[in-house]
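Some structures to go through are shown next.
What follows is a pair of complexes built around chain A, which joins chain B in one and chain C in the other.
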Partner chain A sequence: MKYAFSFLAVIALILIAWLGSQIPGMPYLFGIALPYLAMMIFLGGFVYRVVQWGKSPVPFSIQTTCGQGKSLDFIKHDRLEAPDTTAEVVARMFLEIVTFRSLFRNTKSELHDGPKITYESSKWLWLFAIIFHYSFLMVVIRHMRLFLDPAPFWIAWLEFGDGLFQVGAPTWYMTDIGLLAGCVLLFSRRLITRHVRFISLVNDYFPLVLIFAIAATGILMRYFLRTEIDIVNIKQLAVGLVTFSPVIGTEIGAIFYIHLFLVCVLLAYFPFSKLMHFAGVFMSPTRNMKNNTRAARHMNPWNPKIIPHSYGGYEDEFREFMVESGIPVEKELPPKKDEEKDEE
Partner chain B sequence: MYNKRFIIPGLVIFVLFVTFPLWFNAFSTASPVPKPELPPGGEKECVAPASEMRDRHMVLLNEWRDGVLRDGERDVITVGGKQYRKGLQMACMQCHTSKEKFCDTCHDYTSVNPFCWDCHLTPEEAALKKETH
Partner chain C sequence: MSVPKLEQLSQSVVQGPSLAAGAIPTRDWMDIPVKFTPGSYAYVAKKDKVEYLNSQSGLSFPNAREWSPEDDDWKLPEGWKEIILKGLQERLGKFRSLKIFMDCCVRCGACADKCHFFLGTGDPKNMPVLRAELLRSVYRNDFTLGGKILGKMVGAREMTVSVLKEWFMYSYQCTECRRCSVFCPYGIDTAEITMMLRELLHLVGIGINWILEPVSNSNRTGNHMGLQPHTFKDNVEFLVEDVESLTGVKPNISFNRKGAEILFITPSADVFAEPGLYTAMGYLLLFEAIGLDYTWSTYASEGGNFGLFTNNEAMKKLNAKMYAEAERLGVKYILGGECGHMWRVVHQYMDTMNGPADFLEKPVSPITGTVFENAASSKMVHISEFTADLIKHGKLKFDKSRNSHIKATFHDSCNPARAMGLIDEPRYVLDHVVDWVEMPENTIREQTFCCGSGTGLNTDEIMELRMRAGLPRANAVKYVHEKHGVNMLSCVCAIDRATLTSLNDYWTPEVGVCGVTELVANAIVQEDETRGELEEGLRTMVF
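Here is the complex of A and B:
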């Protein structure tokens, strides 16, 4: 049901863009107004979320370690798993962000005869994630050829590498297939693995279906539904958008507006969804803190400011009352001469 | 806000990355909108209508290549009474005589790098070869 809803939502979005863009004048909404709006929501929402996270105090030093922390000299320190210095934290973060190291330890427990329980690392999630993310990154960078004028030479290099097999015309890109396959694999993982299916929500399925639809419409536009897809026209619009002088020349096919509308929805949805793990991976305190709790004290930032109050100071403050009620004091009250005079 | 000295530079880098096309285009000279040269010989008819050629010429060329090289289908194409042999140099470049003024205008603008010219010669290169032989 939850995944069916994501499909319905994406189909509804496709229909909105398809039918909407056929109404005269509406291409300006789908081609110009919505992309600007989506981009503003994306940037504003992204910065807002990160600032909100930045305002949240981290009360404890809560790194997740999975190796020997720094200890005595003869105990081997696992520098990547329990980083002790900033350089080690940077190295750990870099490998996490670039190679998804933590997914490599996606432990799977199995019950065998005996009964005996075994734990082993299930690498599928890591593999699917690598395929998906790097394909997506490459696809986004390749799209810059439509936004940058003149298109820089390094984009041609990337395109050449991506289309290395020179299959068909226009050349098929490996990352196009990779992105589609990544979506399908991650989606089927959620359906097939029972415990993952149990915890999956609409907001887990929806982005996968949406990104699949974006990739699929892009591929359809490039290879199959080429009618009225004039790349020069589309580049003029794209360059116009980023130079704040957008124009829609001749008519552009509906598949283009469907593709663009889905991208706008993804951008606008991004800051309010799990996709914010893009920023979250940098800001996760379990990864970006040092495992040096024995060497340095972590202060909870929301602790109230308590000024040290020694017993001596306490007695100085309350000595009179303590003497009055007969509590023993370390230092007696100073003798009061004028009191004696009054008694005489 | 905590850890300002990391978060704020990080956010600035992120925003600069996302808005990269704005900066790039602001500091580069815009190329003119491509206007491919019409056949200098004045031919008005192509193997397919202009709109279809604009959308699907690469598919057609690929089919021709596969047909000629793999299946030996060297048919003759008749356009407006004139006959052409199937092929980039033999058909297309007969009318669209300049690669630079026709093919490259749009391809350069949109960073399309077809591998036609890995094997084929442009008319100018072909003329040069003939002179040397």
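Here is the complex of A and C:
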């Protein structure tokens, strides 16, 4: 059971952090050493992966055109779907990354008796992905408040927007709910949609459970276990971490260490997992290349030197036939040699 | 292999054990081994063809032998596993696309029901995501830290003979149509995966005859069909005679003529068999109508390039003839006929592989003076671009009623649509020559469905597979046939002209297949013509 394993793994991680952080002296491990280590793995691994990708050349221009290419002036060019200039590529990539445009196109096919195949628009995956990713992004940005002293004014604006509905006290953030819901929706989709369940791996369930647990512990701290933690100490630690002078004041609370430890695991896991799609989407050659390959030459750094079967060789083999049927040749037949050449 | 009756297959695609239709497999895909039975695979390459190709400079097609996929022993070379893994490593270093596509997939499943092979066969391993996992699982095992440590738990598996067999099965149940890559949020292109799988398989001598024989023919005789120069010329001359007896106008043609302004290259299938022949007649008539100064070549007598379906070396070697011949003949530029994969190669690979073609000139239509800026570097223009421009400038006179026996629809071929963006040019042409309607919107333009037999899979021994894979296309044809009385499926692809004919014969026998240029030529009004009432256009039998 791939999804069950993911739960077990996350539960084990929680227990490690919970029990571990209670041991005297261990807060330094969970609060300082591990975060630094995780961040190093994350940054180092991330850069390493991107550099590794970058090291491999893009030998051919393999853009996928999803609309009319630039051609005659009376044929309307689809600038976003078959970009011809760098600006158009940037626009295509921007919409791809910011609005998940390709997912938005998604359809669902169904086979009916007849046979008859039908296609209908299916935007659920797009919607779940949008909820999940934007909530996650907002949560990460809001956390900057903890690391920056004084917290920049625009974070307060974002927080105000995020809590616009003013439900509960302290005000619930929409993106907190969004992140939890996103995890649940994407996870459920994996279980319920038959073909997605069939292809899903532990690698697919685990990050969702992990992120769910991170969000859940965060929410617990903010809304339910406020008394268990000391926000001033947390801020002090966070600011200390980014200024390379971390201090751990009085006891912060186990729930915080669980939350932080899970984040560390996520950071360290990130570069070695499918989560690298975050960087990969920028570098995908089918999306980030121009469709101008007949107008401007694309270079292949390892272009092998291969020459065609030569015209000379071709004519040598077929000269007689060519002359006989009146096809022009480079070399005429030798005048008085009617010895037949037997070609296989 | 016999093909099941229409009723049987119609039921089977919906009610058979098909994941696409709702059946849920009970075992993990890694635990389901492939089984080769007659009809499930295309015949393997003949020994002499592989030997010939292996002997050609720049090419490597090792391990020529007699063998069959149904045998347990595939007679793999010594150390085959190392060859494969080394080959994979080498390709990871050469293709960024491969690395990124191996690393980025999140298995969201958006691609699954976009594949015509999946829809038609319901086989889970025909979901693009799983086709890639077949390779990705091995990549994880040998090239990623997680895979090395955690193994099967994270979807890694060792390279074994049964994995290799699985690769063979499923890389030849993909037509590299790229429909999945339109829907993938990261643009992961299964065509790239399939190409890599096929390249790797060739390293150990696994390939199919329907591809390697045309490749060797094309290398030696200049075209896939293996037509020798005099035969090629004869074939075109027959068509000239046909055009003359139909219209009273005898098209002027020449072969290998130095000093011609334009070199015309089209797939050899067009001068070989129906219904492509009518498209070729269309070219002759069209060029005659505008008095084009062009030549055919017998040396570069193939527009298509089955090398694309083997490895990039073979693709380059075959393609190189186009520029070589254009240079030898001293033409100004090249005009290309209707073909799908040919235009993938010409548009996305040719200039990179075999350019720069600085011995040619920037293409200019000699009739309208239009400069084809979009082909400024590669110097090769598509016939639909060329014709659309002629029409726009009023250089062709049409009598649309000459196509009144036809109610057409238009099939976007995969490569022009998704690897080139040639979508509206043929439509512009059709608007002027024939009454036509579109198929449903999820089956056209960039979302077009493959004929089901591309990438060298148009061989008869896998006919049932082809009919299944072509079902989504056939279904859309049937829809417009029933709704609008469509009786002709037009396209700009030579493989389509052959494969859609088989497909329609099976699923919708009332609908024929033709090239766009055939419809153009049907409608052209020429000076000095003496054509009577041609009830079926160029297809009319004249005695």
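The rule is short, and it goes like this: the second predicted complex is superposed on the first by the 301 of 344 C-alpha atoms of A that agree within 3 Å, B and C clash if a C-alpha of one lies under 4 Å from a C-alpha of the other, contacts with A are read in each partner's own complex, and residues count from 1 in each chain.
Quick note on the criterion: contacts are C-beta pairs under 8 Å (C-beta built on N, C-alpha and C of every residue); 3 or more make two chains touch, one makes a residue touch a chain.
All values derive from a computational prediction rather than experimental measurement.
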Which superposed partner A:T227 touches (first chain B, second chain C, both, neither): first
Partner chain(s) touched by A:M283 [first = chain B, second = chain C, both, neither]: both
First, second, both or neither for A:N106, with chain B first and chain C second: second
Touched partner set for A:V242, first chain B, second chain C, both or neither: first
Partner chain in contact with A:V50 - chain B first, chain C second, else both or neither: first
First (chain B), second (chain C), both or neither touched by A:V58: both
First (chain B), second (chain C), both or neither touched by A:V202: second
Intersection of the chain A residues that touch chain B with those that touch chain C: 54-58, 283
Complex contacts: residues of chain C adjacent to chain A: 10, 13-14, 18-22, 24-25, 29, 56-59, 92-101, 103-110, 112-114, 119, 124, 127, 129-130, 133, 144-146, 153-155, 178, 181-189, 192, 219-222, 228-230, 233-234, 255-258, 298-299, 312-313, 316-318, 320-321, 324-325, 328, 346-349, 351-353, 355-356, 370, 373-378, 380, 385, 388-389, 392, 417-425, 428, 440, 442-443, 445-446, 471-472, 475
In the complex with chain A, residue positions of chain B that touch it: 1-4, 7, 10-11, 14-15, 18-22, 24-26, 28-31, 33-34, 51, 54-56, 58-59, 61-62, 106, 108-115
Of chain A, residues touching chain B in the complex: 42-43, 46-47, 50-51, 54-58, 144-152, 155-156, 159-160, 166, 168-171, 226-232, 235-236, 239, 242-243, 279, 282-283, 301
Interfacial residue positions of chain A with respect to chain C in the complex: 5, 49, 52-72, 74-76, 78, 81-82, 96, 100, 102-103, 105-109, 111-117, 119, 125, 129, 193-196, 198-204, 272-274, 276-277, 280-281, 283-287, 291-300, 302-311, 314-315, 317-318, 321-322, 324-328
